[in-house]
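Following this line, the structures themselves.
Okay, so chain A shows up in both of these, paired with chain B first and chain C after.
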Partner chain A sequence: MMEVRLMSYGALTDITGSGVLEFSIPQSVISAAELMSLLIERYPALEGKTFRIALNERFVTGEFEVGSGDHVALMPPFSGG
Partner chain B sequence: MEMEPDFLDRYQRQLSLREVGLDGQRALRAARVMVVGLGGLGCPVVQYLAAAGVGNFVLVDADRVSLSNLQRQILFTQTDIGRFKVEVGKGWIQKQNAQIKVSVHTEMLSAENATAYLALADIVVDCTDNFAARYLINDACAFANKPWVYGSIAKFEGQVAVFNALMKYAKVENQDIMASQTSDDSFIRSLNYRDIFPNPPGQGEIQNCAEAGVLGALAGIVGSFQAMEVLKWILGLDGQLVNQMLTYSAMNQSIVKFRLDNNSD
Partner chain C sequence: MLEKKPKNIFVDGPISPVKIGEDIAHHQKKTNIGAHSIFMGQVRADAVEEATVMAIEYTAHQEMALAAMHEIREAIFVKYPLTCLHITHSLGVVKAGEICLFVFASAVHRKEAIDACEEVVERIKKELPIWGKEIFADDEYQWKGNRG
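Moving on to the complex of A and B:
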């Protein structure tokens, strides 16, 4: 059992409704693909949106794993100036 | 360019910083800074850089001042409504310091004019409000080997980064380290906007300030971060926001710096 806490930024927060997202997960570690599935399941409008994932304040792509205590952030591009 | 006769008095508060001093002040005076977009971000960028003694500006913006600008674009006043922003900006700069040189361009940055304008500047500040302009700045700076300081805002949050800056590259204990730009060791360019977001989002996916709304103080904060990064770059100071993106949240007053690695793609 693991609590995963994610921060969402910018326009993504319009979809998630909050800048802090919390998930309870039965496993102790989840893969990138599993994380994305969880997110899309709870927030279908995230599908196809442009954003990067940061794990422990580092942008990541491809395969990675999220475990207890990790910081995950969902970062879209910003437009305003 | 000669320093103004009263410069010791004018810049006393920063001349006394070891990181600035006379050499730094001369570097600021010689620097050529291009500001693209004279809106919420561009106003504080221009004002702080001019006050600090940056000697040459290239201002690019096709817009005229409107009433709805005044809520956050604090360089402008009611009497400026209808005037080109870059013309008002030039007037403000030269009122602040008549020795500063300003070239103004009342057209949007485009693929046709970007190369010519970039040739007039050492560093570019992106204060635009749309992805087309931002990707154009990114690609034109990559082509011209010029650094640029990115800034953008979304409701109560902001992003800031320094892209395409020339950095000393060294290997220390098996770690790749970006050091300051003062050594004659090997140099490489820091990562750029496309290393974070390779392609623009879909049309209408991300709202700009006109659509999403913004409080003026946020533009002031993020623009001030950009001005500080420009000053650090001109002065060759450590700690520039290269290969990372600062994200500021006004709601909880937090700053997170997200690292970007060469191998993250």
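Moving on to the complex of A and C:
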């Protein structure tokens, strides 16, 4: 089974739940666009939400690839302080 | 004065005013300091419709927050001639009226301390992956948003 370790934060935990979620991917490496469509398929309420993605603890934008075993974090706008 | 390893900034629950007083007292032996600028964020009992915020529960991506804070510290020390800079941020539940953020910048002269303190506070709010959940009575809540 190929999986990424998915975590969401802040308001997004209302959609996905908190803690580490094992998230299956259909092949060993998927594109950013494939990740987004899989996320929205599993969590339709994510559609239209503003969030940044961190891959293995680094922010990524645009084109990137996600592989089995990677850590994917979904982060809505920050509200510390 | 660049540091190699990210320092922890997080404490569980509110930041004690006694601890803040002790932190200030600890700097009395650093007699090259001529100015401290401190910022304390306090949880506000905001009224939202008919409910009042009782507390904020903070969560963070701790590893990324500490890495981001480390970068901010390094940039601040390059930009301002500070003697020292201490940052503490709460995680978990902080009740209305309690302190959730403490930034303490010290320098030879006041301008650097004041400017650095302000910039650090602004950057913490914008750049650190920390989230606040505003808790009302009866277990209702809403996710906090930061003003620009």
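In this section, the second predicted complex is superposed on the first by the 75 of 81 C-alpha atoms of A that agree within 3 Å, B and C clash if a C-alpha of one lies under 4 Å from a C-alpha of the other, contacts with A are read in each partner's own complex, and residues count from 1 in each chain.
Heads up, the rule we're going with is that contacts are C-beta pairs under 8 Å (C-beta built on N, C-alpha and C of every residue); 3 or more make two chains touch, one makes a residue touch a chain.
It should be emphasised that the depicted structure is a prediction, and the values quoted were computed from it without experimental measurement.
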| item | value |
| --- | --- |
| First, second, both or neither for A:Ile25, with chain B first and chain C second | neither |
| Partner chain(s) touched by A:Lys49 [first = chain B, second = chain C, both, neither] | first |
| Chain A: partner with more touched residues, chain B or chain C | B |
| First (chain B), second (chain C), both or neither touched by A:Ile15 | neither |
| First, second, both or neither for A:Val60, with chain B first and chain C second | first |
| Overlapping contact positions on chain A, where the chain C interface meets the chain B interface | 7, 9-11, 54, 57, 73, 75-81 |
| Of all residues in chain B, those that touch chain A in their complex | 37, 39-42, 126-131, 151-155, 157-159, 196-197, 199-202, 205-209, 212, 214, 219, 245, 247, 249, 251, 256-261, 264-265 |
| Complex contact set, residues of chain A against chain B | 7, 9-11, 19, 48-50, 52, 54, 57-61, 73, 75-81 |
| Interfacial residue positions of chain C with respect to chain A in the complex | 41, 58-61, 63-65, 67, 89, 100-101, 121, 124-133, 143-146 |
| List of chain A residues in touch with chain C within their complex | 7, 9-11, 14, 54, 57, 73, 75-81 |
